[in-house]
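Next up: some structures, all given as structure tokens.
You will see subunit A twice below: alongside subunit B first, and alongside subunit C after that.
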Partner chain A sequence: MGKDIREDIAWAQINKDVLASVQSPRKLYWVILFIALAVFGVGIGCEVMNYRIGLGVSNMDNPHVWGLYIATFIFWIGMSHSGTLLSAILHLMHADWRKPIYRFAEAMTTFSLMTAGLFVAVHLGRLWQIYYALPYPNERWTWPNFQSPLLWDAMAIFTYLSSSVIFLYIGSIPDLAICRDNIQAGWRKKLYSILSLGWEGTDRQWRNFRITYMTVACFLIPLAVSVHSIVASDFAMSQQPGWHVTSFPPYFVAGALYSGCAAIITLFVILRYVFKFEEYMTLPILRKTVRLTFAIAMVWTYLNCIEFASAWYGHSQADKAVLIQKATGPYAPFWWSMIFCGSVVPFAMMVKKWQVNIPIMFAVSLLLNLGMWLERWMIVSPTFAHGYYPWSWDHDQWPSLVQWGIVFGSFGWFTLLFMVFCKIIPSVSMYEVKEMVYHRTLAKKKEELGLEGGH
Partner chain B sequence: MSKRHILALYNDFDEAELAVQELRTAQIKGFNVDDDLTVKSPIEHPEVERMIGYKPIRVQWFTLIGALTGGILAFSLIAGSQANFYSQMKGGKPIVPIPPDMVLTYEMFILGGVYITVLGFLICAGLPARRSPLYSAKVSEDQIGILVRSDESAAPALKDIFTRHKALEIQEEAGK
Partner chain C sequence: MSVSNLLENWSKYRHTHPLDDGGHADWNAYPSPIKWAMSIDLDACTGCNACSVACYAENNLPVVGKDKYAHGQAMHWMRIERYWGEPEKAIDEFDSAMNFQLVAQNFDVDQGAQFLPMLCQQCEAAPCETVCPVGATNHTEDGLNSQIYNRCIGSRYCSANCPYKVRYFNWYSYPDQEHAWPEPLNQQLNPDLTVRTKGVMEKCTFCKQRTYTARNDAKTEGREIRDEDVQTACQQACPTGAISFGNLFNPESTVAKQWSAQQVDLVKEKQDKDGTPDNKLRGYRILEELRPFPSIMYLERVRESAV
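Now for the complex of A and B:
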């Protein structure tokens, strides 16, 4: 297995390495950026078609009124989960290994939430009439329904997005000051000077920083859980077969954590290579992330079984029929692929040798994410296809290329935002890596002196 | 009386700690150790608190006020709006239903808490701030800085302490 971050690495070297990688990444960075831009362009083209020709081109009709848009919305919301949540939980647990990877995980949260938000707008269709949905006093008597999970959802996502941005920003201030002090004059220097707020690392600043960061982390954990529970309520509080399940909130939270962790592995591999972070994003950190992902995969598998058991033994013929439809109907190949990717593929993570094999883990993480996207699609569409009444069934409606194009485009949009962010803000936290090195050096010293407390 | 600023840079945290200890015990006239001493470091050293003495942190008060205000504001606004919904048919259900309203109250409780905590952080940490009279970029790299402010008369004694504790560099008044 590869080595962990060296204890004897000079702190000045950490600044130098990270800043150099931000300024001159490998050429692959530009290739990824170009591809992302092209893919995003496809999405924009499809959306323009939607507006010019009409929503009919997306092939969304009764009963398939949510289609891929809402499934992908849930996927992106889920993806956002692990970044901030894991960062906050591991921060409170003083897990040092999070330090080199938490910044990009938090950025992932922010940008996936922004991508998810797009789907609400896309799903609404005629965006220029969005003000109809806004709850403000008006003459049309469209009162906001405060009892609706959809309204809770909007509020929860807004709270999560703004709190995640704050958490990401507050945690970056000391690093922005490092950038300000080390980058040559230019637009970057001006940007860093503004964003670092005049940070100088005084004892007063650090003291208040520590408490603030910890407090926001404490808020974020229940917030993150509530966000996905509320997304689950969009389904579970309805009477639709296949959705009205008590275990949906924990099932959604587990699924969100799962897809988020898988995405962290994917981005870990990409950033490690593109920004030459081999020294900091080490293989032991990858191993820990992989183990965590495997544990969450098993929780998700267990909750899946519970969901199936509730439908099977719940004496609701409609629920049972939807489950049978999923396993044997036109959605069967996708449903079984979901089971394979989500519950079988993770067993590759049990092989110790593979846990630090970058190509294998990269492929596994992509398959896991495919499984998690399929999971969201398999929650949304089969229920619409096979509702309570046979005359409302429609098993053959297939999303049009416009829908697929917009889903595809969202990956380009996310990648574009994420890669631009990583080029501007250091995706490895320099001051926290220094703290990690400092704590390890102290522990080593204590061990050498035979004192207790070394770890 | 005009004030003088001196910044001493140390490579070693232990040496900086010894210098601060001496500053605290030296009783130099024209230099108040509680108000005029600032330690700058590239990382958060928990030991700094022990070094310079415990100082209260008030950010949590902002958190408490922000969270409570957020929660109360949310419930009042929602319940207030619902109370104006008499014109709507409620089918015998309560006009202000407590359980569903708690969800938004909870979200706003957190939102208020987070926003006001950040405001508290900015106020308590004195941010945004102008650069202090003396600043060295090495502090954001790997060195510990001890910044003192004193009367003219106290400056030689302070510099002497820094020199005795092997400061790498001593800057006065105009920083780099």
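Now for the complex of A and C:
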């Protein structure tokens, strides 16, 4: 396997290439931006209907009180986790190959959390009273219910979102200073001057920066694990068949990392082309990401088997009935597609040639995420269709176009935020890529000199 | 707003488990401790739906129309479920989930249709209460699940966690819809309670407006609640007298007598059922094994085959 990136790129060249990305991307950028805006518009239209007429337009009904909104909410929360995996966990493990791709992965974390937050709002029957869920002091002395997993959920997400924004921002400060120094005109100059907080790159600043960055990284890692465990608690702490599963928290975390890694591959391919990052987002890095994704795919498959086995051997007839319903009932096509996309498709990532084949990996990553979206849907809906009480079984409910429209629109919203971000903040970390080149060059020199202990 | 204040306030409305003790009941407003409970005799039920209609009239339930009803968006707090086939057979063949499905779909009309009036079971350890993020559904001292419409934000978690699926969500702004109360039905709206806006959850209250009045009257007159003080709308309308309702803590009430005759106790663990096969006991509570401690006892139908 080749080196992660070419070692003889000059530092000035790195600055030039990355700064070009925020100024003159390929035309495709604007096409993507326009499409994202249009898709988001569809979502807005649907939400206006949802809000004004009432949630009935989503076609939800009395057993099916939750639907695609909650499923897609979990999907977006899940997608956020891999950003933290790449930026914080691999940072602590000194995995150098993450350096050119962690910035956009961290941005993905932030923006998918923002997208997930919207679904909480969309889902509520009385959106205008959403602040009741906040523990704020008021003259009525009423508090939210601290026993409710939904409240833990809201708190976990707010904490995770604010921490990952801070982490993303702190990590970009040296790069923002480079932008400030190289872009001399317009609103960008002002923006970068403010955001870079007077960074000069002195020894002391670097030392403080390192400590801060490491501290926030350490803080973020337990959050990443806890957030999706808490989302899993929404289901696992309830009493319903198919939800009341002890293995849900690790299962959700594995699923989250899985869909997140798949999304990183998708975005990797897009950014590499749109921002001409071929030199930085190289094929060896793609290969490593693909291998990581494959490993997580197998963990997810294993946990899936555990879930099925515990339902099958658990002697809870209602649980078993839900499982059988998933595999043979009206949800069967989606359930089997989930198995296919989530557990069969990843074997394409075992083929060494395909690991660096961009079109194939792009297609695979999209299929994986389709599978992971279906997984969330298959967790939420079949339980409502086939719960404890046979009279309330409803196998015919189908989400309306309004519901699908909002799900569709959320992808536009995410793409919009993400693409605008990449045009303003450098999506490749310049200073860390320089570290790579520096380390590598040093190691090479040492090799040439015949010294031991190369990096 | 201090933390101690928060905890005190909060714990007041979070009942402890019925197994531990009776909770932190504050009986000042009550003539004596009350636990509202019901028993429904399925042998007497003819499935006439009068209880359901009475509930619509008493509790300002909107009529949603054919389309929304077919969509499962109806608001019937009291619903009559119709079953075919013998539950006995269903229980015998309940050995695998597959059979469970087969039996549920099996049309066995030999014994005729079987009816079951289903309403909120007012569980003592209610799965709906703990999950509400804003605490809009709570347990009252007299043993009811209260639903605070003004506090509800419509997350629908309560309904998701309800094993009986007896909570109904306002999917639309029903009071604004023409078929909710077409003229002159709007004239009979009950002024003792509200109509509900879109986006809130609602469910059976055991006719809260009636029990509240009865309890105040008893308190004023300085006596205990008696059976004749209060009837729920469904009970009042039932032509065969299948429903009885009253204070379970009062041993003289019909409900208390029925419960003890059937050896049904509010707390499942304290139940001491006569295990002999020909014990003639008909009382049971639905999904009791999930331990929500429901407050409604059903009396099994006496089948011709068993006589």
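Following the convention adopted for this analysis, the second predicted complex is superposed on the first by the 435 of 455 C-alpha atoms of A that agree within 3 Å, B and C clash if a C-alpha of one lies under 4 Å from a C-alpha of the other, contacts with A are read in each partner's own complex, and residues count from 1 in each chain.
Convention: a contact is a pair of C-beta atoms (placed from the backbone, for glycine too) under 8 Å apart; a residue touches a chain by one contact, two chains touch by 3 or more.
Keep in mind that this is a model prediction, so the values were computed, not measured.
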Contact-wise, after the overlay, does A:Arg98 reach subunit B, subunit C, both or neither (first, second, both, neither)? neither
Could you say whether A:Arg272 touches subunit B, subunit C, both of them, or neither, answering first, second, both or neither? neither
So, A:His228: does it touch subunit B (first), subunit C (second), both, or neither? neither
Taking the superposition as given, does A:Arg376 touch the first partner, subunit B, the second, subunit C, both, or neither? neither
Report for A:Phe146: first if it touches subunit B alone, second if subunit C alone, otherwise both or neither. both
Once the structures are superposed on A, label A:Met155 by its partner contacts, choosing first (subunit B), second (subunit C), both or neither. first
Of the partners subunit B and subunit C, which touch A:Arg210 in the superposed model: first, second, both, neither? first
Taking the stated contact definition, name every residue in subunit A that is touched by subunit B in one complex and by subunit C in the other, in rising order. 143-144, 146-147, 151
In the complex with subunit A, residue positions of subunit B that touch it: 38-45, 48-49, 52, 55, 57, 59-60, 63, 78, 81-82, 85, 88, 97, 100-101, 103-104, 106-108, 110-111, 113-115, 117-118, 120-122, 124-132, 135, 137, 139-142, 145, 147
Note: in the complex, subunit A contacts subunit C through residues 53-56, 59-66, 123-127, 129-130, 132-133, 135, 137-138, 141-151, 154, 234, 237-240, 317-318, 320-321, 323-325, 384, 387-394, 397
Subunit A residues touching subunit B - in the complex, by the definition given at the top: 10-12, 15, 143-144, 146-147, 151-152, 155-156, 158-159, 162-163, 166, 170, 174, 177-178, 181-182, 197-212, 215-216, 219, 222-223, 226, 230, 431-432, 434-435, 438
Interfacial residue positions of subunit C with respect to subunit A in the complex: 1, 5-6, 9-10, 14, 68, 71-74, 81, 83, 94, 96-98, 100-101, 104, 116, 118, 127, 130-135, 151-157, 159-161, 163-165, 167-173, 197-201, 287, 290
